[in-house]
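Both of the next two complexes hold chain A, though its partner changes from chain B to chain C.
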Partner chain A sequence: MADKILAKDKLGDFLGKLQADYEVYAPQEVEGKPQWAPVEESDKVLWDFSNTHTSPKDFFFPQTEIMMRFKNVQDHENGMVMEAEPPLANKRLLFNIRPCDAKAFQVLDLIFVQDEMTNDLFWKDKRDKTTLVGLACSDPCPSCFCTSMNCGPASTTGLDALVFDLGDKLLVRALTEKGEAVAEGLDDAAEADQAAAEEQTKAAEAQISSSVGMDKVNERSVMELYEAGMWDRVYENCLNCGTCTYVCPTCHCFDIQDETQGESGRRVRNWDNCMSWLFTMHGTGHNPRGAKKDRVRQRFMHKFKYIPVKRDGEIGCVGCGRCVLLCPVNIDVRRVVNDMNA
Partner chain B sequence: MNNPYRPYPVKISKTLVETEDKQLKSFWLDFLEPADAQAFQYTPGQFAELSVAGYGEIPIGIASSPTEGDTLLFTVNKVGVVSNRLHQMNQGDVMGVRGPLGNSYPLKEMEGKNVVIVAGGFAVTTLRSTVTWLLHPDHRSKYGDITFIYGARTPGLLLYEDQWREWQKRDDINCAVTIDREAEGWDGLVGFVPSVCEEVAPKPDNAVALICGPPVMIRFTQPVFDKLGWQSEQIIMSLENRMKCGIGICGRCNVGPEYVCKDGPVFSKAQLDALPAEY
Partner chain C sequence: MEAVAQKIRETAAKLLSEGKVDCVIGYAQGTVPMRDYPYFAYTPEEAQNLTWSPFCCNNLANFLIRRPKGEIGKVAIVAQGCVSRSIVGLIKENQIAREDVYILGVPSPGMVDRRKVQDRFPLKTITEVTVDGEDLVVKGKDFEERIPQKEVRRDNCYTCVQRNPVIVDEMMGEEGPSDWGGNIDAVAAPWEKLEPGERWEAFIDEVDSCIRCYACRDACPLCYCHVCFVDEAMPQWCGKTQDEADVATFHILRAFHCAGRCTDCGACESACPQGIKVRRFTSKIEKDIRELYDYSPGMDLEATPPLSVYRPNDPQEFIK
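Up next is the complex of A and B:
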């Protein structure tokens, strides 16, 4: 499908039409921060924002998610009745998602859905029923390093369509069938509009000042990186607070817990984090990652070595920079990776 | 589509407190639905999540062998919320089983070779499954000599006494069961597992060793095998780590890039030598 054009003052009609088929969400100002919210008025949709405060991963991997419900029924011959949670009722559309966040979901697809057994239906159902319409970055912030992480300001991986903000109009580029359904009915873009989008992307790429090297990380063995002396410096400041893991679009570790009230209960999964000592502690009290250094090292090794080794070179980081901005002790992932690569 | 988080409902058909300290209890489980029993096709070395609604799930090695029929056997150490609850459960109670999970011992690659099995304490569970499988008439002829060395601190801490007493009567398995110190009424071997290995002195030629036990046993058994000329590729071990999902997603059981729940729990010593010792 050819690139399409949408006048910004027609956005209300455009989103209104989509809302007949989808629940539409977009970044809007909520409590003073750019955050994801259902679209009610199209003029509340943000255009000038670097990225949302937290990643949109909870659309697919909610912070708390019910996996099944159960009832302990004394007089039932099976004693216990378990019911799986029903799948998502409606189709959803995320409008103006940043390319880095969409790339993160493509990486997570490789982890949540691997084969017949490792087939996370909760994740897959939401992914299948959600359309991602991206917003290319025109003004990356100083903490962005997407271009070092197989991504970029106009990266299309994981997106169904990509929108370029050209001021009073939007260039809409459909990338998949789902994206074509969204762009259908719009007028074709002029060559000048396409050129403007190209220009904007080049300028945005040039504006990304931080770069992170991965060449030596890729060459070195797991043990060589694991035993590197640099970890003794990196872990010292860390508070093991887990903020980085909660805001990270690719962090996906979870815990499973049963909650009961009277005769009935539910099995839920909650976001968990590798910074917690309990995360790995055995029932016997033995803990394979009992020291803070072990846990800090695990997070970086997981993203930059373990995932690439297991997933054909894909990196468990997209360079969104949220952890750089929000770490309370200023641990900078770019510096850590550059140290791993030194 | 199959939901990998859905446990199969099972009924406890029998229980047995296995050890004198009452820490270990065995559970025999029968599937409520014949279709679930069909779907649960496992191989020795695999594990499953035992699921008790309202309490949670624990990963436990499967101690039965598929050659014994559809009934599953698990032996559970009482250490946490779920295992304590399980120890209170009895014959007739209904619970869940999710699996089978993980890889298994390399039974195919072991064909034509002599097999040495070394177990310490309650790490014997999946090795009970393996020995039972190997001794089955359909499989026994595919393997060379089978040696089973098993030790515990006291006679009362040895699991599966009925089984290994049977194995000791057979002439197609060399079965050495030992306890750490002399005990009244014990007429078998006395000595730590590494010393018994030294006496048995299994030859490395055309052989595979499966070794499972507490870290202290592994630490002292390893040099014995090294001295006998065993290579790390020939030594197979089984790991355990804290787990939740059991299918390689939730992120806690990894040893380097390998997930114990999905890529393991069975690894060769050669594989483990190239990984961080986070287990």
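Up next is the complex of A and C:
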């Protein structure tokens, strides 16, 4: 499908039409911060913002998710009745998602949905029913380093369509069938508009001021990196809180628990994080990552070595910079990876 | 503040080169604006990275206790009023020995709340913040503005009653005036006006955005339990979900566990990625302790912590 054009003052009509088919969400100002919210008025949709405060991963991987409910029934032939949670009722559309966050979901697809045995129905149901319409970055932050992480300000991976904000109009580029359904009916874009989008992308890429080297990380063996002396300093001031993992679009560890009350209960999956003392604590009382250093190392090794080794060079980081901004003790992932790469 | 920073660097380098301490815990300049971070200097050269600024919002006393025993020997630590009070508390609770800590005392003019600065520029990206006398110079892509520091300090720095350190081995600058104090009772005042039902609503409203990262707990020098009650697994005390009951349980128990111990350093609020006003939860408890027992935590090495002792004349009207 050719690139399309949408006048910004027609956005209300455009989104209104989509709302007949989808629940539409977009970054809006909530309590002073850019955050995801259902679109009620199209003029509340943000255009000038860096990225949402927290990542949109909870659209697919909620912090708390009920997987099923169960009940002990004495006279039932099985004695226990298990009831699946209903799948997502409506199609959803995330409008103006940043390319880095969409890239994160493509990486997570490789982990949640691998084959017949590893096929996370909860993740997949929501992914299948959600359309991602991206907003290309025209003004990346100093904390962004997406171009070092297989991504970029106008990266299309994981997106169904990509929108370029050209001031009073939007260039809409459909990338998948889902995206074509969104762009259908819009007028074709002029060559000048396409050129403006390319210009904007080049300028945005040039504006990304921080870069991270991965060449030596890729060359070095797992054990060489694991045993590197740098870890003795990285963890020093870490609080072992979960901020970095919970604001991260690609961190995806979880803990499944059965909660019971009387004869009934529910199976719940909650976010977990490798910084926690309890993470990977065995029933025996042994923890393979018993010390703070082990836990801090795990987070970075997982993202920058284990995932690349197991997933064909994909990286468990997209360079969104949220952890850089929110870590209470300024453990800067860029600095850590550059140390791993030194 | 630069003079204090210089003095910290010089003193740290001297202590390290003379072998008087093995490590100096201070602050270094962060990689993002307004986020100077806890830094461990082991050599005189590393001591040159130390700084002192209005962006030193962590409580360094936290790092005296969260280390395996014997990992570092004797340490020097940069301590303003609240941090020194936390150190006193840790000594009294037998977590550290006075002789193992060399305290580099600094008077605190109050730290800047980066959220208050960000709120002046909604949705804009701040690229640089520098200190110019009493002002901050805040820069972004298309703006540059001066803000008086006194307008954007952390809440706890306005109500602080002890800016000067209470115990010191060496001062890193002149002590500030003794009338620097704020009104600590002001922290609890808004809660006290509320009826119990309203108070509950306000509390639930405040923790609504909590993501249970536990940064508040982990930034706090009072929270040194080897296993925190929320991490107890056999049996599990507290649910792991985002349900209101689980989130509220964590915050209520954490607040009560701090009773009679909180020095109102504000490290919890500074650490919270969601901007939750965590101090509000401890404020009324601390006020009760002040009124019932005439006790303020960490002010005096000799005073007995009220919740650790029984006295026949303890007030007990609240036991119904």
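Just so it is clear, the second predicted complex is superposed on the first by the 341 of 342 C-alpha atoms of A that agree within 3 Å, B and C clash if a C-alpha of one lies under 4 Å from a C-alpha of the other, contacts with A are read in each partner's own complex, and residues count from 1 in each chain.
By our rule, contacts are C-beta pairs under 8 Å (C-beta built on N, C-alpha and C of every residue); 3 or more make two chains touch, one makes a residue touch a chain.
Keep in mind the model is a prediction, meaning the values are calculated, not measured.
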Determine, for the superposed arrangement built on chain A, whether chain B and chain C clash or fit. fit
Let me test your reading of the model: by the given contact rule, A:A192 touches which partner, first (chain B), second (chain C), both or neither? neither
Where does A:M281 make contact in the superposed view: on chain B (first), on chain C (second), on both, or on neither? both
Is A:A20 touching anything from chain B or chain C once the two structures are fitted on A? First, second, both or neither. neither
Considering only the touch criterion stated at the top, classify A:L239 as touching first (chain B), second (chain C), both, or neither. second
In the superposed arrangement, which partner chain does A:M67 touch: chain B (first), chain C (second), both, or neither? first
Going by the contact rule set out at the top, does A:A89 touch chain B (first), chain C (second), both, or neither? neither
Kindly classify A:D255 by the partners it touches after superposition: chain B alone (first), chain C alone (second), both, or neither? both
Treating the CA centre of chain A as the corner point, state the angle out to chain B and chain C, nearest 10°. 90
Considering only the touch criterion stated at the top, classify A:G32 as touching first (chain B), second (chain C), both, or neither. second
Least Cα gap, in Å, left between chain B and chain C after the two complexes are fitted on chain A: 6
Between chain B and chain C, which residues of chain A are contacted by each of them? 255, 257, 281
Show which residues of chain A lie in contact with chain B when the two form their complex. 67-68, 70, 72, 78-80, 82, 84, 111-112, 114, 116-122, 221-223, 226, 252-258, 260, 265, 267, 269, 272, 274, 279-284, 288-289, 294, 298, 301-302, 305-307, 309-310
Seen from chain A, its contact residues with chain C in the complex are 29, 32, 34, 46, 48-50, 54, 63-64, 139, 141-143, 233, 236-237, 239-243, 245-247, 255, 257, 259, 268, 270, 273, 276-278, 281, 291-292, 324-326, 328-332, 334-335
Going by the contact rule set out above, which residues of chain B touch chain A in the complex? 1-7, 9, 32, 53-58, 77, 79-80, 83, 93-96, 101, 240-242, 244-245, 247-257, 262, 274-279
For chain C, which residues are in contact with chain A within the complex? 30-32, 35-40, 58, 62-63, 66, 68, 119, 122-123, 125, 127, 141, 211-215, 217-219, 227-228, 231, 233, 236, 239-243, 270-271, 273
